[in-house]
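This is the structure I want to talk about, given as structure tokens.
We just call them A, B, C and D in the order they show up, numbering each chain from 1.
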């Protein structure tokens, strides 16, 4: 048993280093100033992501399990904590988007300090399976924040009137859509939810049976070209396609197109990470809300899949370029139990008022996707790389 | 065919008269002023309910189908319409809670006028099945508003510092809870959704199969006594029982107890329609939000049923005194299609961000309940007569 | 001395009766529903005015000075009090616009009860000068509420999509403007502030000297015709005429014309108390904010008077059809001291962020005007009968 | 004439260099991140101040008057402009606190570029008097922003939970108050407003006569010790000292002490630019709103001076450590005319809803004070170094 554990630790140590480095690689072209701002409540400043993911390892691994570990800065617990409820009375409220200190340099020093201690800890120690699982959770947590780093950086640069480019070598988001076809699934009882080896989140657990009626699902995503037809046919002006709440959102926010689309001299331009460029017709549409996905489906006379349908059919199509809105609300699987303690807060407390997205996106880190992964956002949000796949009954 | 229809019409005519009269009976003890106010956005002024239900019959029956019908007042279409999106540009925005005109007397005259024309129309005419269905929809629509009338009147009087009594003869809400027991349902494929004769809403249609795992459901509702234990054990102070969004709601709204509960000199008082009285321990708890229902269940280590579980088990217990929160989001049944035209706007457009309630309440009109009925509200709302039934896996 | 007092009391008693009756006369054509609503925060429901003015006499005269007086309803102190700060913890917050109870009938009964006691008290008693002054304050307070009753009723009916008429015999607001001329005032030290016999408010006290430079003031008010020229020349589209804060207000509220003006089929209509009628060109413009008054003056290349200039020149022109915005902020006169006790709260606490209006309006009660009267409102408000008089240096 | 101008230009050139350098000197200890954030709407990010003051010289001097001048970056006009109303339709709204670009380095390069061109322009050219006045306006404008830089930096660091120090060599704000005495001014006609040589703002112009009654003004400012007595005697709990609007502010914002005061373990600590330190009793109280200044004066039974009283008495006391709230609203002096063009927007458009402050503060640049200077802020603001001087009638 011990031997097995040492081997596991070696792999873990390498994986730890690789994932931690990748986070910093994502930030390679940022200016110091880009790390600091928070243009809307759903976006976090990049330096907060860098600090918060580090805080995870310090709090849940080093502090409790590395004998003699000295906390880097006792105030960081307060600054980079996201579990605000457990924090006691403080002189001043923290406010992510308005904190100039700690500086970016401070945060990178913090990362270095924690990484060195984690490196030694992972290489030397005999780790219990519980501890390995916690490290694994921390790494998957960091990968989630890698995707958020990408989407938040895009939001920060894409809402700057200078439209700065993130990276010249940047490959435009998306892939050409494949020729469209519908894959049929026959009615029956199916199993969904995670099973097997490797990491998974608590919200995927409880593999269970569901009855599914026959349906046909598109093997390709809706393209910009198709979405433009919806716009041009007055889709944003006709309430009958929309949820009541979606229609209110369209009116209140003056929504007329996907996020990052700008009509310049009669041409639809699109901020991509390389800058403001012309919208590419055959790319899958991106950065749309659940309301828009549903309105588009209604306009087509089709519908979004449920998350169970999506999972059962997922082998029949390529997925991974867009998070795909489903018509399933984010709710617990049968038998869902949240873990004890602060880590247990992970997912369950968000299981109301959000919709499930399946698949992954161009911003999702390598080896962080699986067909049972349940992503979730509020129906009006669109700063993630979201798209549409349709179903016919 | 014609004979059948005439017979149907006679019953319909009597039912029409009875339901319309019952609406006015609900208002028998109101003062003119009580008809006018709107203390919060979810509550409508009683006179609006009286006018709006009348407008339904005028708009969908009399105007299109009664030859020579003369509209009572062309401006009422604007004032009592709830399909605001189809209304054109107007000089002034209507604002339900601030309209002193039309007066209550005007609204009752409007009802009388429409009722007389409807009475003649139903007695004399040969009605198509479609038309009968529309009348039936109008009557069920009116019954929904009868329940809202009760809950809105309670809100209006219960938020007045004089705590006026609605009616001295009023029977306190609720019934003693029966002795608690758990009814077991075995795993299997079950059918849910409406079938058979009689009226039903579009959201119940599409009877379909679902797989359900084994569970045990309580045959009684949670009582005030049990809920008070939750309060006294610090349930409203401990975030770990709550959805993140529910906890924000508790903090923002300073929620400490169910709606209508007031701690007076150390004793929990409760505004019931007879006035402010002491809370009765063995009555089922009432006027709680979905957040509170969930927090209570978490505190107990149990959970709310899904709507499918509720429907499958419903024969095993008495229901009807409280609308019971389920842990199901309000989403379309497989194959759900909305009807054409304005009537088609009925239910589908609300299928996001709301939770399903099952059963019925002490405020629900007679013969307006069935086990397949899907009621729905946003998770923070509590002015309906809502309660809690628990499940063990 | 005693004799004098008895005589004073007789006049006072008659005046008391006349003023109290006039308040009810203003309401003669209201429907019960009109008494209840509160379409915006600055407007109070008419029944609140009726109750609040009555509460004044009960609280400051009858309770402390009429031996054996029995309070009409102990809860009315809470409902009709405007000195909310002195009120202790209550089970429920009062909310003027959502109180259906006490009913209008209750409020009239309350008036009757208090009036009868006041009548006997004023006729029988030997009143101290202090007490006479308090009664006088109460009557002037009631006259202020008479004007608010008129402006609030206009707001309630004028924001109803049915545009109901207040009274068919109603004389349209305003009077033809007289031929325009400018009256010159020479530079010098002048005295302003109240002096002499009769009632006055604390904010007029402290007659004092001010130095005034030479100026010329218009003997007529700006007319609808002139104001329409401002509109038609793009006055609402050009920020250079506006205070920064006024321009924000125009943009945020989409202001394009005075309150109650509606552009119907290319013609400017105006809700007056008789209904919606065509705007009369030669009437003085009405229902404009301080921002609009200033923007108009800037557009003309002229300015508003200060309150001292207005008072000094007031004998040279007819005033009284519109409250005239001055460019003076509402601040204390030299030596201003607020009276002791709750009555002392009267005016001083409002002396920040408001502008002074001088004169009176068509809605001001008879014998409630004087040239030293200092009215005041926030610069964005326009539901009073406000107008513009211009000055040249 | 030419000779005079060249000489003036030489001095001007040196003064230009000195003032521009001082702006950067203020920022000497800032981290890059400190330049970027905007924790509240009244505070601007330091880099915006640096860019905006530079934009002034580029826009009003170099572009129109330096032949062949090449604009540094055409987009900066949009980013650093504060005259937002003249800006046309843009793809994206600018939002000072969320702009990571241009970077701090970019902004300093922009300053260098403009300074070099200005330097050559001032040394070489024969400048018209108009142009010299515009440069002078630009320099005074920059000095105003120097003070804002100090107050905004204090706000940014003082609202960071780490309470970073601005500079270790920093001298604590304030000076010991001198022994208190009252200086008497006799009644009479006095002249106020700017006269003489040197720069002044348009709002000081129009030297004019005012009548002032006799009064006595304190020769010292209210101290922290005195203010603490107000706090300890329940000043923030007793509405009778407050304007109605001030009391609402106290309740809504939970105000209990001046800005930057924190009660830590029963001791009042104060964030000063050196860090969080104990409040020094004999320093003049700082960072209080007009509401607080007035409430304090009412509690003392005294009052604030008017701006005319302050100016007339100003020779009798030391001033300059705190901006002193007066009880005068910010309104135009007699004969005030705003200048033509964009520069003319300077002051007049703010002349509503603000109160005048007189004197200067520890943050005011050298040679930027005079007794006729009219500073102004909304009554609730307190991030400037504001204080209290009292008057007795």
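Here is the rule we go by: a contact is a pair of C-beta atoms (placed from the backbone, for glycine too) under 8 Å apart; a residue touches a chain by one contact, two chains touch by 3 or more.
Because the structure is a prediction, the values reported are computed rather than measured.
Where touching is counted per the definition, chain B and chain C have no chain in common.
Put simply, the C-alpha centre of chain A and that of chain C have 58 angstrom between them. For this pair, chain A with chain B, the centres built from the Cα atoms lie 37 Å apart. With each centre defined as the average position of its C-alpha atoms, the distance from chain A to chain D rounds to 45 Å. Residue positions of chain A touching 2 or more other chains: there are none. Interchain contacts (touch definition given at top) occur between A-B, A-D, B-C, C-D. By the touch criterion stated above, chain D contacts chain A in their complex at residues 31-39, 75, 78-79, 90-95, 97-104, 156-157, 159-162, 164, 262, 264, 276. Taken in their complex, chain B has these residues touching chain A: 85, 189, 208-211, 213, 239-240, 242-247, 290-291, 294, 327-329, 331-332, 334-335, 345, 349-353, 355, 379, 393.
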